Amino acid sequence: MTFASDNCGPAHPRIIEALARANDGYAASYGADDLMAQTRARLREIFEAPEAMVHLVATGTAANALALATLAQPWQTIYCTPLAHINCDECQAPEFYTGGCKLSLVGEADKMTPTELSAAIAEAGHGNVHVAQPGPVSLTQVTEMGRLYTLEELQALSGVAAAHGLPVHLDGARFANALVALGCTPAEMTWKAGIDAVSFGGTKNGCLGVEAVIVFNPVHSWEFELRRKRAGHLFSKHRFLSAQMLAYLADDLWLDMARAANARAARLAEGLRSLPDCAFLAEPQANMIFATLPRATHQRLHAAGAPYGLRAGQLDGADPAEPLSMRLVCDWSVSEAAIDSFVEAARG
Amino acid sequence: MTFASDNCGPAHPRIIEALARANDGYAASYGADDLMAQTRARLREIFEAPEAMVHLVATGTAANALALATLAQPWQTIYCTPLAHINCDECQAPEFYTGGCKLSLVGEADKMTPTELSAAIAEAGHGNVHVAQPGPVSLTQVTEMGRLYTLEELQALSGVAAAHGLPVHLDGARFANALVALGCTPAEMTWKAGIDAVSFGGTKNGCLGVEAVIVFNPVHSWEFELRRKRAGHLFSKHRFLSAQMLAYLADDLWLDMARAANARAARLAEGLRSLPDCAFLAEPQANMIFATLPRATHQRLHAAGAPYGLRAGQLDGADPAEPLSMRLVCDWSVSEAAIDSFVEAARG
Amino acid sequence: MTFASDNCGPAHPRIIEALARANDGYAASYGADDLMAQTRARLREIFEAPEAMVHLVATGTAANALALATLAQPWQTIYCTPLAHINCDECQAPEFYTGGCKLSLVGEADKMTPTELSAAIAEAGHGNVHVAQPGPVSLTQVTEMGRLYTLEELQALSGVAAAHGLPVHLDGARFANALVALGCTPAEMTWKAGIDAVSFGGTKNGCLGVEAVIVFNPVHSWEFELRRKRAGHLFSKHRFLSAQMLAYLADDLWLDMARAANARAARLAEGLRSLPDCAFLAEPQANMIFATLPRATHQRLHAAGAPYGLRAGQLDGADPAEPLSMRLVCDWSVSEAAIDSFVEAARG
Amino acid sequence: MTFASDNCGPAHPRIIEALARANDGYAASYGADDLMAQTRARLREIFEAPEAMVHLVATGTAANALALATLAQPWQTIYCTPLAHINCDECQAPEFYTGGCKLSLVGEADKMTPTELSAAIAEAGHGNVHVAQPGPVSLTQVTEMGRLYTLEELQALSGVAAAHGLPVHLDGARFANALVALGCTPAEMTWKAGIDAVSFGGTKNGCLGVEAVIVFNPVHSWEFELRRKRAGHLFSKHRFLSAQMLAYLADDLWLDMARAANARAARLAEGLRSLPDCAFLAEPQANMIFATLPRATHQRLHAAGAPYGLRAGQLDGADPAEPLSMRLVCDWSVSEAAIDSFVEAARG
């Protein structure tokens, strides 16, 4: 399933090698390993945030849910878009971890505007005991439709949040893909843009399973550790999380993989654009493409063993021209040859 | 920290190799990988339980808490010993995951007897709306003091539970160490002894981080999957959990590592027994030793860089003869030389 | 605040008298009182449901949240309208009590159609572990905009739910007002229309504070009792809840009060209709009126001590003709004179 | 069941009359009623705490669970005695409301000592992420065995708590009975003795169902209101809670009723003491008596329609002399004649 998801791709060999290297003799457990100390230092350096709280977990859902539980009170509502991963793809992990927060859906799809956010917060009943109280704003970068918030958009949204005293969380499952697309620094895309907490993804971009939760105000650190432990997300042989993250960051491997993934997606988009009946549902900006092709094209691709799925609708159907939508994701490892073959097969 | 914990030891090289092998091209995500199908089949075969629910998570706390949440209702109490890992070492993960279960402590330390369990259940208020209702019984094998329940003891305890309609969970973080010590089959130590659900540990016995939750009545499988997902414990690149478990089970690696760990602990116990002032707090039966040494001995060992910690008390103190307790754990990788050196250093 | 809410009105004197009568000597506590046995029998008779589970609580939010927690699993979503009391007015009690359910909003305002419900259920990911699973449907009768579902509408909605195996809950905070408006029997408006559980309101319709939770399949009764107790909603001097409910049901007091409230609201609506600038936001069908009046009219009414509030907008404002919306509620006790005075004051 | 529980007794007629008086016309709902303003002012005056947070709920379990949820974090443990109502009689309401706190049992029965509390806190793992963190201390006054903490004992216990930065909660379901027995002021028995939050009971001492939660540091007030609302414990017709509490406090009714109850219990204790085979399990200090009588005496009393229950053991049994324990509670309304008859019947 080459294009189904960056979760289907392999880890980078240097990450695997780092695991093997870390597997040497005895090491302190539960996050007290030397590699974690190095990882924390390196992430603080990369984020220009020498005091930041930095902890590792193995999944993106854990990172998001634990970060939000740390930022929110149970009687609050979390502002996110209708397509947000935390709303659509985590089986209510945020509701479970926060002890019953509501999610208030802002915007129409994968992005929200400051105007929409302002209106949503104004609608809520701050100070009215009968209704959910305003809580954290959670933004996804790269969005769930493969788009980006510009730094100005992030600043404007966090400005609205700050005006109401609300913290801002960034779901950065594809943080690196966004960063290289924007060409900015990690600090610029986070705390300098008013972001309070980040789920800094490694898994989708070439690790086996590791995400860092970074909170710029370290006052939450001990609470986060307790929440992580009681959720069963504190690894005993923690060095194997640290080793992944450290190798991911070393020698800009994370940035190189993100650039490769984005470049492949751009090539794929270019190829699709050359087809007569392809329509993009969103302008691709990172490593994901949302587009439609006629049913007949999908049928031809699937007959040829196409490595992706439809987003909706049925492959079998009466009308061969009916446009059916798909999501195509390029991970760091996909080859140009695979992309070119796919486009050729689509061209028929 | 050679003897501090089996969580401090390395993974077996064959497990690391399996990760590297699994890292080949694209694979279905979220548990739909081929390796998981093989893992499930293999565990069902090993447990002689062709219908059993089998799912993987990365930590023992997740395995225990998710298993108990699946077996218990929020208004029930879980019967365990005062020293149970779920009571002492999981920062209330069971309370969090079950939505507020109580833990009722049975027995004095790490083991409970059928008489004690019967009395505890009788004390509870079955049918009295004011009090916690009887819920699952959770036993640990190897216990937290390094001891074992015999098959007869397990059967007697599960018989008490069954007489009250209560399910039985086995915390098998050191399942393999117990199995080879008892010399029985996995089926005999679980469902044939009345166990309903097992946390089948891999992490402590030579994996990086993987545990299987096995429930013999598969009616709970879909609920378990939903609970795992909303807890953030479903891995996207799941093949890296499957690969560990599959390699762990292949060619009896899991049994060989457990036998090695137990043998080393027996050698260490024999060495300690030869010292004039060593007293065992529990008769070692697997790969853990709980014993006391005089303060002066501890001081000598620590001066020599001793790779373990005290359980209680202070290394510095007035009385050099005061017995201070320690826990020593042997993992699969500890060498006979390391053991012999330790004993020699203790002998002074 | 005569028209602000039926929560602001007094209890019927016969309810108060019943409390005084119940206050005689010693009575069994925690729901074992004789009056509760009578209450249960009477409600089963009224609902033609001899086996139904019947329990009392003191507030509507408790009734709704406990009923939904009993019907739902934590990983499910509850289908309700955007204006549903459980969504807008309970500070996330359903999310808290269910352990993290989501609420999926169906329809545009206070009512949903079978088509909308079908679409919402179809959208959800039954069998997809990543998303909220379909759960109970919760309908409000009288709706939050003062409208009614016809029996045919209830049947059609419950038919959709049943086709997906989902239970249906009815928030009947104004059950009696709906019943007399429809002119049907309690059975027809509930289990004969496919409703599984009802919050049967007493508080708004002339009691001090009592609601019955009725579940037609009594299999949930013991679970409900445990949930009620651990939520602190089981009254020790329970006779004072029973006495209210019993007096409420005696001699059709509940129906008489509902008829009075509805008749007063009809008179008020008729009066408002005679004003030149009054517009109804929904056709009044029970005891609530949602309408707009020009700002100048509101200002005149408030200057005269008007006993109601605005729904939105500011009393002070530049444009005297701007229509501002209000909610007017008639309880059982409001006099015709009060209504006529109000209309006259509005007329100016 | 005259002696079964003070929950079985009637409300005082003046409380009922106050309800009838409060039932006059329209009143603001949800705690904004004038009577609540008066109640809050009166309680602040009585407690000499002009800033204290004061809120009403209808049950003691709600008061305790909401107060503890406000004071505790989900990863903490609450220190209480094994016989504490919150441990034995609330079906895990504290665990539910706090989101998974543990209860650590201190002492042997109904009271704890500073030494025991210190040891329990020392045992806990402050700063150790694997274990429950120290949380609130909850004391019951009158205790569940009918005993009292002296002011000195309260001060000593709260001193231990304060030394560890832990807040202290007082379960005052029988606050008034304790107060008149000690002959001190409400301030002396609470904040002057280091108590941070009180469940101030009205129900058992002559109300229908009302308890005040008083927190001396008002910083928690808004959080408490939100917790109360989302738990369904905010009354819409709140004036009926306020009216009870206000009448309870008026003209020292609460103190008079407590004095009456205590005096009757003293008379009953004196009577029992005159019997040859009565043994007290605890020295009665307020309105509860825990004692044993021979089985034959119990049988005689029950044959005569005895209004109490056994605490354990069977009424039917071989040995007529076997001592069986009972709990006898005197409420404000029990007559001297009833007591004398009971003693006479016991004497045979």
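The letters A, B, C and D name the chains in turn, as written, and every chain counts its residues from 1.
Note that contacts are C-beta pairs under 8 Å (C-beta built on N, C-alpha and C of every residue); 3 or more make two chains touch, one makes a residue touch a chain.
The chain lineup, named per UniProt: A, B, C, D = L-threonine aldolase.
Note that this is a predicted model, so its numbers are computed, not measured.
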Practice prompt. State the pair with the higher C-beta contact count; candidates are B-C and B-D.
Written response: B-D
Worksheet item: When the C-alpha atoms of chain B and chain D are each averaged to a single point, how far apart are the two points in Å?
Response: 42
Worksheet item: Taking each chain's centre as the mean position of its Cα atoms, how many Å separate chain C from chain D?
Response: 34
Discussion item. As a quick test, compute the distance in whole Å between the mean CA positions of chain B and chain C.
Written reply: 51
Worksheet item: When you check chain D against every other chain, which residues touch at least two of them?
Response: 30, 74-75, 90-92, 96, 99-100, 129-130, 226, 229-230, 234
Worksheet item: So that we know how the chains sit together, what is the shape of their touch graph: line, ring, star, complete or other?
Response: complete
Worksheet item: In the complex of these two chains, what residues of chain A are touching chain B?
Response: 1-2, 4-5, 7-11, 13, 16, 19-20, 23-30, 57-66, 90-93, 96-97, 203-204, 208-209, 226, 229-237, 240, 307
Response to the item:
As the complex stands, chain C meets chain A at residues 74-75, 88-92, 95-96, 99-103, 129-132
Item to complete: Would you mind writing out the residues of chain B in touch with chain C in their complex?
Response: 30, 73-75, 99-100, 129-130, 133, 223, 225-227, 229-230, 234
